[in-house]
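Structure first, commentary second.
The first chain written gets the first letter, and so on, giving A, B, C and D; residue counts start at 1 in each chain.
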Amino acid sequence: MSVIEVRDLNRTFDGKKVLRGLNFSVEKGEVFGFLGPNGAGKTTTLRILLGLLRASSGEALVFGASLANQDRLRRRVGVLLENNGIYDRLSARENLDYYARLYAVEEPRAQVEEMLEFAGLTERADDLVGTFSAGMKRKLGLARAIIHDPELLLLDEPTSGLDPEAQVLVRDLILRLSGQEAMTVFMNSHHLAEVERVCSKVAILHHGSIQAFDTVEHLRAGSGMPRLSLSLADPEKTATALDLLSQLPSVSRTEREGNRILVTLTRGSPASPILTRLIQEDIGVEEATKVSRSLEEIYLGVVQEAEGSA
Amino acid sequence: MNARILRALAEKDLREVRKNRIAIYGAIVLTVIFSIAFPLIFTQVPLITGTEGAPDLEEVIPLIPLEIQGVIENLEPQQIPVVLFLGYLFAPLFLIIPLMIASIIAAEAFVGEKERKTLEPLLYTPATDLELFVGKVLAALIPAVVFAWANFAVYTFVVNLAGWPVMHRIWFPTAVWWPMILWVAPAIALMGIAVTVLISSKVRTFMEAYQASGALVLIVVALLMGQIFGLIFLSPFVSLLVGAVLFALDALLIKIGVGIFSRDELMTSI
Amino acid sequence: MTHAIETDHLTRTFGAITAVANLSLSVEEGEVFGILGPNGAGKTTVVRLMNGILSPSQGKLWVYGKDPVSDGPEVRSMTGVLTESPSHYERLTARQNLTFYATMSGVAEEKLPNRVWEMLQLFGLEKRADDLVGGFSKGMKQRLALARALVHEPKVLFLDEPTAGLDPGAAKQVDDLIAELSRQEGRTVFLCTHNLHEAQLLCDRVAMLNQGRLLAMGTIQELTSRIWQVMSVDVDLLTPLPSDVLEHLKGLEGIAIESAAPLHLILRVRQRDLIPMVVQEIVHGGGEIVRVSPREYSLEEVYFAIQKGDFT
Amino acid sequence: MNGMLIVAQKEIRQILKSRNVLASAIIFVIVFGGFSSLSTLTSEGGGGPLDQLVFTLVPVLGIFMGYLFSSQAFLREKQGGIVETLLCSPLSLREIWMGKVIGVTVPAYGLTLLAAALILGLANSLSQMTLLPSLPLIAHLFTTVPLFIAATVGLLGFAQLLLGLRENQILNFAIIFALIFLLTMSQALFGSGFTISWVVVGSSLAIAILLLIATSWLTRFLDKERIVITIP
């Protein structure tokens, strides 16, 4: 059984279609990245999954049931939304203690201490959360979300507003939880470099329908010809090099990116003749690297294509 | 001080207030209650109950300040409540109008900006601290006073018109109202603003500021109660005095307010 | 020559907390200067100090030769600031918002309507000019905030997390625009960001702060080469390299061979500009190169190395 | 059941910690409580007016307290968006609502009793004779008053959860006016000569119970979707 199963999900708000026939599933232990522009329907999907909004038609099942009518099932689910769900006028410890008891955690005290330590807040445990920085609050929010050892963790932009240090912390945590404890993670995110590192699977949502749903590797493999990025020893010669390269049969396209040259090869062509040719013409090469497309490029491509067809 | 900046600030605040339902509904409710409902009720009650209301007043009359007793001596019984309440005792209650309007706009202009985080961008403009402060005070003061005066006009009209069957003449406004409206009303509006400014450094949301400055209504209630129980009487002279005291307090509070309203202080307290 | 921005032992304390400590830096006209560091490093305080919104506890600073404390209005008319949250007057329209800020920033009355309209067009908001800002999406609000920061044609632009919370498409638009402002219009940009990818893309120079202290400053390459003096280079070959070429490489000044599998070499070079020579030597010796890649350090690695204190 | 008490406990703790709100509640009690007992003394007639005053003023004070605190427990959480996280917890929406109602009613009632004690104490210490509250009045204080507060809090909480921000601002405004009106009315009432008998107390208790039943009937219209959509 899939942990999350979404079938033909539709939702309209005041006659406006926000979700149009969504289908996807998330398996146990997966880290699932849910991407898309603002207004694509990510938050609506998340809220339907959480049983906070109703579906107009279709279903969104978590552990095989709908959370909307199964409040007790929520004990197996941890949630970190845009709002951290933390009370400014209570201390960090009081906040965690509150949620530990709401979720009926077995040894609330020990668990609260452990979570305080995890968030790096042991020393500030008794300070009011109102005095914390945005990053500290986010970390506390995350600690709160996993205090009851959920089997499924739903995250909305988990690292937004965090500094690089905290981003790494959150990233490592997600990887550890999904690796060691087989926790399933579903995350909305705009931070594609991060999604690329932590997510095993992604879906790209656009105007309420899914445009791509696969592993990052598969998306990458399917996204066009191999490319080579060149950096010349003498940038002055860039124009000459571009001229020269565009005449070679194994090159299908050349682009200039600042001081670098991006060469798209025809499929199956090796890179060595290109380098040899440049050296023969006395153009020094400082670097020649194969580049795979980043998730960002794939994403922008998918969105652009969807926009074009819309 | 740059007049163009002051105008831009005041205009912007007013434009926002016009879209603030709580301010608009508040203004409407105040008008309906104070300027229309009260005069209607007090002028119609004697007509309906006839002279039955009079015996009750017999007991109250000894409590009434001597100054008014002189006025009502020559009146017919059913005219007494009309003149007593609408002509005299209500005067301080009317101060609630400038006070509330001023507090709402000031809460919006000072705390509302902080709450919605639009204050910081404003601080990055070249305007000086004093210009920002004065612009915002004017944005609250001018409409509050103008609105109070407009209400006074409505009240005058309703009192005379609805009171005609009882009074048979145009008798309002009485002398006590003029200093109250022209002198005390601006003073108390400014008080509402000054207090809101001071509160604004302590609270984070518009609602908190508004509720806290609502405590000022107590001043008005105290004046009203005092007048009803015969402890004080707001004769024109007393009104001038009360206004002067309020203005002096205003000056003091605003001086403190200007000190608080510096960029450095505002950023440090956020 | 005066710097666009210069600070000299700038310090600001809040009670017992020191937000900025002894900071001395200068930003040149027309460059994109990045300022990086964890939360609480003092980035926002620095921006506030530079605009005269806060006063320094100690030290001095100048923006185009003016002191923000004594000449606040003058400095602020030269600067535009994009604050962390793009807060607007939501009950006013986009046009009313911009007109208000333009007036406050001293744009002349006769130029005002045109300037506002120009900005709305530049940021693609002309169709929504007379709609209330309350109904705008995050991306639109961010663009309006940029328009607000630019409406009085400031010489220096301060940007605090300009792409935070934007979707990748909108973020790319904003990044492209920042690059254009600096490269084509010559405006100085002071960029605070947590997004190291963005910093790498946009910044000419970066400064790294921690707890108000300056840890390092320079171009990303300078910082990299100061941390890692030796650089390793991967070379992939199509056919095994003739052994005399290998011997020849070993003999070259500044080059060492870390490992030499038949089709894969790892070299250590002292400087980046030695690499073309290595490539040339291999090709001339008859080697067929498939890939040459110097071990690139991302700004993220540089960042963490510096924040950890690997750099002194 | 247990979850509900956890929510209630947290609300009580939070209210007791928010100094601003407590301060305004206490100022309100002192000003109106003190003021009213002073004015009773100026009128003659001994225990009668005092009984009437306590009978009408104390529930109004209680309602005011409930109003002050419920915006802490319901509205504030909605404004910030915390409520969404709470809705994702294993509690049902009804349990959350009930927990908050209890959590607000307890401190509001506590402060109200304090206010009643203050009014009675002040009146006693300032007048020459001992003015003891009558038995029906005591029954009133311990039954009708808490029920009234709970019903008000329940209704307010219900409205604050389901209404949007603007509607809530208007509601707030209306309530402030209603309170001023109620206060004026209660002042006016004690001038007229009616006495606090068991019948009066009993009928007001009946009203309170009816109100409470109506309130809990309303909870069937609580709806997560409505709450989430109206989060600003």
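Everything that follows uses one rule, which is that contacts are C-beta pairs under 8 Å (C-beta built on N, C-alpha and C of every residue); 3 or more make two chains touch, one makes a residue touch a chain.
For clarity, every value in this text was computed on a predicted model and none was experimentally measured.
Counting hops only between chains that touch, chain C reaches chain D in a minimum of 2.
Averaged C-alpha coordinates give centres for chain A and chain D that are 48 Å from one another.
In terms of their C-alpha centroids, the spacing between chain B and chain C amounts to 53 Å.
In whole angstrom, the spacing between the mean C-alpha positions of chain B and chain D is 28. The distance from the centre of chain A to the centre of chain C, each centre being the mean of the chain's C-alpha atoms, comes to 24 Å.
This structure has the following touching chain pairs: A-C, A-D, B-C, B-D.
By the touch criterion stated above, chain C contacts chain B in their complex at residues 14, 48, 51-55, 72-74, 76-77, 79-81, 83, 85, 87-92, 96, 100-101, 103-106, 109, 145, 148.
Within the complex formed with chain D, the chain A residues making contact are 47, 50-54, 68, 71-75, 77, 79, 81-90, 94, 98-99, 101-104.
Interface residues of chain C, counted against chain A in their complex, comprise 36-41, 137-139, 164-172, 194, 196-197, 238, 272-273, 275-277, 279-280, 283-284, 288-294, 300, 303-304, 307.
Contact residues on chain B toward chain D in their complex (touch as defined above): 21-22, 25-26, 29, 33, 203, 205, 207-208, 211-212, 214-215, 217-218, 225, 229. Those residues of chain B that touch chain C in the complex are listed here as 4-5, 8-9, 12, 15-16, 19-20, 116-118, 120-128, 263-264, 267-268.
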